[in-house]
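I'd like to ask some things about the structure below.
Naming follows writing order (A, B, C, D, E and F), and every chain is counted from residue 1.
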Amino acid sequence: MSSATVANLMRGHIEKLAAQGKRTDGRGANEFRGVSIETGLIGTAEGSSRVSLGDTTVMCGVKLLVGTPYPDSPGRGSMTTTAELACLASEQFEPGPPREPAIELARVVDRGIRESQMIDFEGLCIEHGEKVWIVFIDMHILDHGGNLFDCCTLAAASALGNAKIPNVQHGIADKDVDLPLSCWPISCTFAKLGETIVLDPNHDEETVMSARLTVAHDENGNLRAMQKGYSGAFTPDEIKASVKTARTADKTLRKALKEATK
Amino acid sequence: MSSATVANLMRGHIEKLAAQGKRTDGRGANEFRGVSIETGLIGTAEGSSRVSLGDTTVMCGVKLLVGTPYPDSPGRGSMTTTAELACLASEQFEPGPPREPAIELARVVDRGIRESQMIDFEGLCIEHGEKVWIVFIDMHILDHGGNLFDCCTLAAASALGNAKIPNVQHGIADKDVDLPLSCWPISCTFAKLGETIVLDPNHDEETVMSARLTVAHDENGNLRAMQKGYSGAFTPDEIKASVKTARTADKTLRKALKEATK
Amino acid sequence: MSSATVANLMRGHIEKLAAQGKRTDGRGANEFRGVSIETGLIGTAEGSSRVSLGDTTVMCGVKLLVGTPYPDSPGRGSMTTTAELACLASEQFEPGPPREPAIELARVVDRGIRESQMIDFEGLCIEHGEKVWIVFIDMHILDHGGNLFDCCTLAAASALGNAKIPNVQHGIADKDVDLPLSCWPISCTFAKLGETIVLDPNHDEETVMSARLTVAHDENGNLRAMQKGYSGAFTPDEIKASVKTARTADKTLRKALKEATK
Amino acid sequence: MAGGNSDIEFIKKGKRLDGRKPDELREVRIEAGVLNRADGSCYLEWGNNKVYAGVFGPIECHPRHKQQQDRAIVQARYTMAPFSVNDRKRPGYDRRSSEISYIISQALERVVMVEQFPRAAIRVDMQVVEAHAGTRCAALTAASVALADAGIPMTDLIPSCAAGKVSDTVVLDLNKEEDNYGQADLPLAIVPSTGEVVLLQLDGHLTPEEFEQALDMAYKGCMDLYEIQRAALANRYGGGA
Amino acid sequence: MAGGNSDIEFIKKGKRLDGRKPDELREVRIEAGVLNRADGSCYLEWGNNKVYAGVFGPIECHPRHKQQQDRAIVQARYTMAPFSVNDRKRPGYDRRSSEISYIISQALERVVMVEQFPRAAIRVDMQVVEAHAGTRCAALTAASVALADAGIPMTDLIPSCAAGKVSDTVVLDLNKEEDNYGQADLPLAIVPSTGEVVLLQLDGHLTPEEFEQALDMAYKGCMDLYEIQRAALANRYGGGA
Amino acid sequence: MAGGNSDIEFIKKGKRLDGRKPDELREVRIEAGVLNRADGSCYLEWGNNKVYAGVFGPIECHPRHKQQQDRAIVQARYTMAPFSVNDRKRPGYDRRSSEISYIISQALERVVMVEQFPRAAIRVDMQVVEAHAGTRCAALTAASVALADAGIPMTDLIPSCAAGKVSDTVVLDLNKEEDNYGQADLPLAIVPSTGEVVLLQLDGHLTPEEFEQALDMAYKGCMDLYEIQRAALANRYGGGA
């Protein structure tokens, strides 16, 4: 059978299951796969995490370097986010500069952290107009088992929660302190399978989904970021319903994040 | 018919017409197509123009930024020229970094302005050795209907003529003033069609021309820049004759430029 | 005959000869091809050389520019090495950014000079923490007749030996002086042809060799750099034997280098 | 979205600083068929935003490995001219342009009848020549008009419009200053005939209630734009607005 | 190798600063089959070095012009994560990574039975997530375990280990500080069943005697690693170490 | 061309600062067949300019989409070595090299009998190893000698030479200082047998009369170079100069 035929058979199977409220891995429609978070594994990073969501694994490192502030925000630190779809994570990932899916992934995670005001950038000012901390968030995808968006957001949040400002090493203060964080965004990604919508798509479901919707809330249940992807569509009612679902579905991840960063 | 056959038929037709002193669009051999110049369309640019020459359209923006002078010319401003062959302008233009034709186009326009001493770079010095104005001339080709060289040179000259030095915004003086311009180069481009030479080739004529010659004069009838292109050839006498033709043929464009920048 | 067939016939022929202690160009197994070194050919370079080893030719230019030292070595100059496999040197060399063989070549020569401490970088400090000499070693391969490693190392050493620090031009001192050099690394490259090992492989031998071993000694017979290449292998005993061979085989090259730089 | 730290009062007596009501679009002007060379084209002014869109296609798909056996692909490309912003933008394709081009391509594939042109590409080029907030919506809105002008078979047009939040008020179509100092931005694009959402992003901070209000407001803005899109095509091809 | 200018005394009473004997490896831990998606994989900790290796193949060879008619090619790729070093490394492929990938590819082609898969590629991706000297040896050591885990036919594994020189003493497996201030570094990789050397480099300064001593010491280190590699595979596939 | 702002008096008593008459070339030395690997080659010294040219071809055309069904293409590539100028040039291909390569390729296609080799490429590589004004003319002059040395069928050689203007005087073949502070530069290349111009550029400021004078002077310079080119080939292949 051609790979197109296989894909169509798989699509039919997955969509039929979904219409019956079932999934290939036995989960309910709005249930996350198992999550595990480890932090502080990387000695060369100021903060680090390895997060698994089902069989997706992401390693995230946070580095803090001293730099000069942007002229238009002399009293604020800054941040940069990258995502590396390492070749070992998927047969589909090719070597070379980041392509559109990797760029979209890094930018959505970046905006989720930046626009949610998770990091208090004014707290990263060392010397007004002269010296600030620059936060580098680098995510390495080690295993692509579906739903990179939620796994990466969780990995970035965990690594930021784990990070210490290296004051001692840079002779800035006599104690290393936590990053000033004020909000904890958690994202929930939905996939449209036929006419059904499910949370946290696995790799096979992503292969056949027509559309994707990522919704990030903070711990107060307010929206902080959204991104719709793929060429399929959602109705406004489907979107409103997914947002409501996300508001409670993120509890599992939020609990794991809290434990990992306490 | 293969596209090579079509091209050969078109070549035969155009060359035959040209030998009879005729052209596909009814013009005389040394006649420009209709020209229109609009300036000041772009609020975010210090100077701007949209120039059409027949069905070729180029938009040019001039930005003026404060920068440091080159060490070997501490009392002079500088300039940079780019040409973007936007994909919407021609089926032949491909996305990606500029290729040889776009590089040649930008460099010829740049030299035409630079070597004609159109801009008085000493007048762009703000603080000797410390601060100068850098002039960015960015040309966006919107419609490629032939003869980009003349249309781009005219667009650049019009946008420069339209530009104001943003002294107020940068707190350098209390009035914005015109760019210091001392010379107005106008280029005339000739195409060799069979044994005939015509001015201002249109898109079809460029498809079949064997050689191209661009000649830029200043308002005093002195030469400021030339560029020969393509793998065909001109005799020295053809070149001398074309230079003479250019000296009077540029009057239409010069008049339009003067009106647009007065 | 297909080119693969030709290559196999050539391989058989060369390996058979080698097993009999013979080579296609009549040399002994551990004999270098003829070497010639010219220096000081390039007026725009602070030092230069053109070195031929058999029908391989490399031109090397050394430029000395004033720059700022690295923060972690404020009292030391620095250096940069590049190798350009110019298209005219071989049908196999393609235009474009350097590929793996060119990168390996430049890095091996660079390490040979850097790690052998050939250049006294402390002698290149002009003003502690502020100004140092930066040494640029740029190698242009003009003719690829095999064994680029040894020819490039020799070209770099010759050009460095030829270089003068341009104190006068930069107003630093009233006399130009030699670069402070303290060691003269010479590399010997061996090729494995079947079960035999030969020194200084020519172009045809490189086409069929299974493995390559480069060994660089200083003038005291101490090792300064090594690099094994290709997917074939050497036994530890073969390596030890080659190192011993190199210790005496480099005399020809060393003599030519000494004469060229005296 | 610098995060709403600003002390600017963006709404006074029910009016915004530029005089608009909270649910009012900036002025939009659309003209179809403005370029000679492209198979279809569109020029759009939206407030001070200025965008050209041009379409070529169906054409052969480059690079080959992107060809789809059973359908065409839509290759949308969003570019900002260096002079389109106050601080000159470096020429070339950056990460932001790449993401916007990617999501616009996906949105357009929803309405283009791609299965009619196996292995082909449909190229949509959008050139922003002046930018004042909302350019991705402006570009996408212009793109589907250019596609229609090129005669590409489509199930519908795609209008696109953002809602946002300033001074704790949900408003339609943020202008540059509102975008710089506002609290949230929610760009939306829909297929009017089916009511489907094909593009949606959110940056910022919205309560659940504000989100539903913003989504509905942006949806209504899209429907208003749809009328302007259709009028532009009617204006070009006859039949009256 | 800053050239041994340091005044640090690296060996005191026959022990190195980290307590090791001159011919002692840092602690090495190898686990095979750690990734779900790759055909074969390996995680390796070596002192504080941490490396993942993953294998896909045999697969179609891209780009086409690199295909070999009579055999597969091994496309090894060594990458360091930005956070793997103290001063953040810029993401992307630099000249150092390129050289290391090249020589690791060549070494692996010695043991992979490439002639069984004409025109194919075998992709080996090595991700260094924490780096403390010796990462090329660590990456290559992990690579052949991942290849075996992927079921790729091989004549043997390839262990890799460096010897070096500090304070005029030849030692095995330099740590970060020894590498920064040491006098020489000699990375080696062998095929244990045949005793062949498939990777060898040297930077620094060694007398003829020191060289032979270092080569022998590194060779013995490789043989020790070989046991750890085999134990890791036995641990995954049964059969006892 | 810094624009002639200099106060330097470039002509004194009918002689230039380097002792040449206004219409005199710098010394030119051409040697054909200097490289072993290339199918044809040339080394040229022109004043202090030093250029190597090497030719491979006809060979298969890469990339494939550049192939022409009915003829060969000439792929000329002009490169300056980093050490060829006083301020080291960064290695790699810049915009200037790209333009020069493009116009040299077009000029050479005029004389190479490209229709004899459909779908092929003829590669001409020019390496400037020392540069003192006039290197594009030097490179093109060397290129056609290398093509002839490679036995590529051609209708003629192409000599190339510039005229210029210093201290309001038209002169032949500007040297470095004249180029830096001169008033105009007009590089020219011709096909001597037909009298055709295949390359022409002008930067600077010339009156109509000066232009005709410069064109004629450069033309004559090309004819002088043509003799040197032919002598170099005769010297290599016999037949006397």
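Keep in mind that, in the parts below, a residue touches a chain if its C-beta (ideal position, glycine included) is under 8 Å from a C-beta of that chain, and two chains touch if they have at least 3 such contacts.
Keep in mind that this is a model prediction, so the values were computed, not measured.
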Q: Identify the chains adjacent to both chain B and chain C in the sense defined at the top.
A: F
**Q.** Between chain C and chain A, distance of the C-alpha-averaged centres to the nearest whole Å
**A.** 49
Q: Please report how many Å separate the Cα centroid of chain A from that of chain E, as a whole number.
A: 32
Q. Once you find the CA centre of chain B and the CA centre of chain F, what distance in Å lies between them?
A. 26
Q | Mean-CA-position distance for chain F and chain E (Å) | A | 51
Q: List, in ascending order, every residue of chain A touching at least 2 other chains.
A: none
Q) If you start at chain B and step next to chain F, which chains follow, in turn, all the way round the ring? A) B, F, C, E, A, D
Q) In the complex formed with chain B, which residues of chain D make contact? A) 35-38, 41, 48, 50, 52-56, 59, 62, 77, 79, 81-88, 91-93, 123, 125-127, 129-132
Q) Of all residues in chain C, which touch chain F in the complex? A) 41-45, 48, 55, 57, 59, 61-63, 65, 82, 84, 86-91, 94-95, 97, 136, 138, 140, 142-145, 203
Q) Where on chain D does chain A make contact in their complex? A) 1, 3, 69-70, 95-96, 98-99, 101-103, 106-107, 109-110, 186, 191, 194-208, 211-212, 215-216, 219
Q) chain F touches which residues of chain B in the complex? A) 4, 100-101, 103-104, 106-107, 111, 115-117, 213, 218, 221-236, 239-240, 243-244, 247
